[in-house]
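Listed after this line are the structures, all set down as structure tokens.
Look at the two complexes coming up: chain A is in both, with chain B in one and chain C in the other.
Showing the complex of A and B:
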């Protein structure tokens, strides 16, 4: 039985973030469906925003889970989240318009199985383990589905496995140049796995503050969006990809500057080219 | 026969690229105190040892390099899909991946240090400015060479995996090689030069890392010099040999039988296990346990 160590008490309650994250990412992923309705690709960037919402929620979940003394387990939590999530997201994508909802249900089941294994087979006995792994699996699945939808403009499986290639002036459809066929899903997996664990891993310590950690989570999300937007030039039109890139860059700059301000607020001192300040009485 | 000679040439080139990648990777991670040395750099201020050492804990090295290389490969793949020349595509992809690496490094340092405010550890902005750029330069070398190596495997040896997936696999292998081979040189030697030789590291010495240099105060660039001398080349040889033997056994023995490369792989592992065991026993006999220093008799 592990003992809970409360880090960074206060701030927004976890359940509130959970609801915002879940509903927010679901709604934002469904907004990419406007692509299919209006027959354009300009709404792809909503997938990335869904991933940002999911990552903020996931960061708070990791903080919750890792307050049970899992110092080096923080990166592993990100890996298991995206590992469970990618299976759920690809399975969910095969169900057409119901993809986001099916993804959430499948991810919850995978997360529950992983949680039960961790608590009762590996015997980690952490009270919030099962709930946290369910949440993390859903977060991972929504991140994969969101970023994939951003890259290829749709969350439907057929769009993920068909790419186009120019051949002798003709546009030919191939599997090799698709998001799944080209293994861009592997890049998205790693982007999500590092982004989800980085914020808490970077901010942990006695002076951890929730607003700073969550701002970093948003920053990681937008940074991942920038790279996916660049990759999406290979799959969707030039202008839709440019819109996605601009939105990601603006979001990233805003959150990065905010994060530096918050770090400045929380730091002991903010020095430039100054020597070590030895504490009173020496070490 | 000609095909095998060509294959061996590509194998040697891939091994050379991997050697450069390993050396750059270890130097990069040591300048950032990532992986093995990180716990002591993180602990030092809590024990009252305020320091000017870069602390960028993004994750363990294998996952972090899994991301940088997979991202570099993914971006390069996307640029190639847009009909951009492969060399240019790999350079652009690696440069963008390095940008992501640099951003992660700065946020990690700021976050970790700001959370240590209670212990009086200030944020030194000059560390961020001077050391992030150096780690980014080393990371670029590591990412570019690894992605180029993966592209060679696909283009010249006909590896069936797409570039991003191969990048992920070899990125994790690169991080693991650097973390296992190079980091002990820095983490277990360089940080503990204040302890007497053979004294071990008792709990009371935890966090008592070397903070002052020959002249002035030590920063992570000094650790970069040290890593470039010992840990980096060692990691380079490690990763280079991994890549070389991995490709060599397939290129040469696949012709004989489908089981050829597998049997050769097992033999290579056994040979290395025997060599490692021999070196370990030899080193234990010659360097440890600690004995009183012998004085000259006359």
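Showing the complex of A and C:
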């Protein structure tokens, strides 16, 4: 495709966003561990916020990578991010308390291999390819791990594959009513993939502004969070899930309003559509 | 493409660098050794299956006629979307077919996967041509060859000026079906190998019956198959850089690069998927 991909200059430097995104998502994922410490489920929503932080960083990375003109469309970058990320996230989850850190390391390894293959075997020869694919794999992994932790209240593998069912007044442990056993992880995969690939794909072109693109990324992240919050009613208590849902909805409304504001700021002109009034006495 | 540079768009095929090739061989050997060390012969066979599956996916993607944005405007032949989207559609349809047929045995499941992927591409290619011919009013004409290698139809008299061809010639239709079948076959192969590993290991670790853990094993194998499928499909897409008409396109000759890249990426992602349950309960 000979579509010219244009990106706006200026804004926050990418390395700064990288550090904020990496540290932010790591800290936020670890905050879900408060569930285990305090023996409640009220801190699950931090997983979703970690995913939003990772998605904002990932969108900026995609912007950097795709400004070189991959020729394959922006969504392919989101697909490889989540594809390599999901392997790393579930592998990392098996390491208990170290899960988020192991996830980042494993994602970096898979991303580095994909990047080296893309540059040295497929010969894309894009200078930022290897670094970008490492970053994207970490973003994908943190998104999956964060949203999964939000859905089931923990980032540990055994928590992801076990659930409970009320049966004749008894609480029975089953593997089917869990995030992985119920294949909820596949939904989370797609929610993350759509969130990461949409923002830059929608905002690219002349006049692209970093703050507007990243605001859309946050909006997409919160939209995915709403869905995961609804899913989490099945796995965590009613009140913790309600807290998560309220936080996601508030976050989504805030980012959506902000995004519309930024879009109007950057637009040449806009039309506030109003309903057509019927003239009195008929036309 | 943009001012920043971009992938080399030269006509000749650049061979992989020596470093890339050496790295691929080393990584594949290390992964195979690790698989044998961790899960013995079963692990080795599973990883070989995953590598073959990844290679089939990357090879299959090269058959699919991808038109991208120019095809949507009737200015290039092929299906009007990106490689990653088409491959994901065909591969996931194949994976569903294969997963459904998994209880009927290995060979039937593989055939189910191939038929699923091929069928989806056959329907897509047919409907694309229906829309091109009856909706947009454009005949099928390839821009890369003068004559259809199968039917012998000639193209130059139907090709509009200023385009690279348009519509979906019969050879591209055949390529699409072959590509979908190969993709579905590869995805199903990865799924079956991983399912085998998890169905052997999970009952021991969780002290449960095979029926109890079936949903977890199927879900894990499925999501990893999807993840690895997308990784390989995107690497193949990077190899194609944009549009391809099918097996008659000169770009088709680039496939060895994607095969090497996909084998290495699958080996590295596959070793993490195979070793997934080794660390459960350690931390």
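The working rule: the second predicted complex is superposed on the first by the 263 of 283 C-alpha atoms of A that agree within 3 Å, B and C clash if a C-alpha of one lies under 4 Å from a C-alpha of the other, contacts with A are read in each partner's own complex, and residues count from 1 in each chain.
Here is the rule we go by: contacts are C-beta pairs under 8 Å (C-beta built on N, C-alpha and C of every residue); 3 or more make two chains touch, one makes a residue touch a chain.
Model, not experiment: these values are computed from the prediction.
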Classify the contacts of A:67 with the two partner chains as first (chain B alone), second (chain C alone), both, or neither. second
Going by the contact rule set out at the top, does A:87 touch chain B (first), chain C (second), both, or neither? second
I'd like to know which partner A:75 touches here: chain B for first, chain C for second, both or neither. both
Is A:123 touching the first partner chain B, the second partner chain C, both, or neither of them? second
Using the touch definition from the top, say if A:139 reaches chain B (first), chain C (second), both or neither. neither
Who does A:214 touch here: chain B (first), chain C (second), both, or neither? neither
I'd like to know which partner A:187 touches here: chain B for first, chain C for second, both or neither. first
Between chain B and chain C, whom does A:54 touch in the aligned arrangement: first, second, both, or neither? neither
Which partner chains sit in contact with A:176 here, chain B, chain C, both or neither? Use first/second/both/neither. both
Which chain A residues are contacted by chain C in one complex and by chain B in the other? 75, 79, 176, 181-183, 186, 189
Residues of chain C that touch chain A when the two form their complex: 1-2, 4-8, 14-17, 19-21, 23-24, 27, 68-70, 82-85, 88, 206, 208, 212-213, 215-216, 218-220, 222-224, 226-231, 233-235, 237-243, 257-258, 260-261, 264-265, 268-269, 272-273, 275-277, 279-283
Show which residues of chain B lie in contact with chain A when the two form their complex. 42, 47-52, 57-60, 63-64, 66-67, 70-71, 73-75, 77-79, 81-83, 96-97, 100, 103-104, 107-108, 110-126, 161-165, 167-168, 208, 211, 217
Residue ranges of chain A touching chain B (in the complex, touch as defined): 75, 78-79, 163, 165-166, 176-177, 181-184, 186-187, 189-191, 193-194, 197-199, 201-208, 212-213, 216, 219-220, 223, 227, 230-231, 233-234, 256, 259-260, 262-264, 266-279, 282-283
Please give the residue numbers of chain A that touch chain C in the complex, ascending. 1-6, 67-73, 75-77, 79-80, 82-88, 90-91, 94-98, 106, 109-110, 113-114, 116-127, 157-158, 161, 174-176, 178, 180-183, 185-186, 189
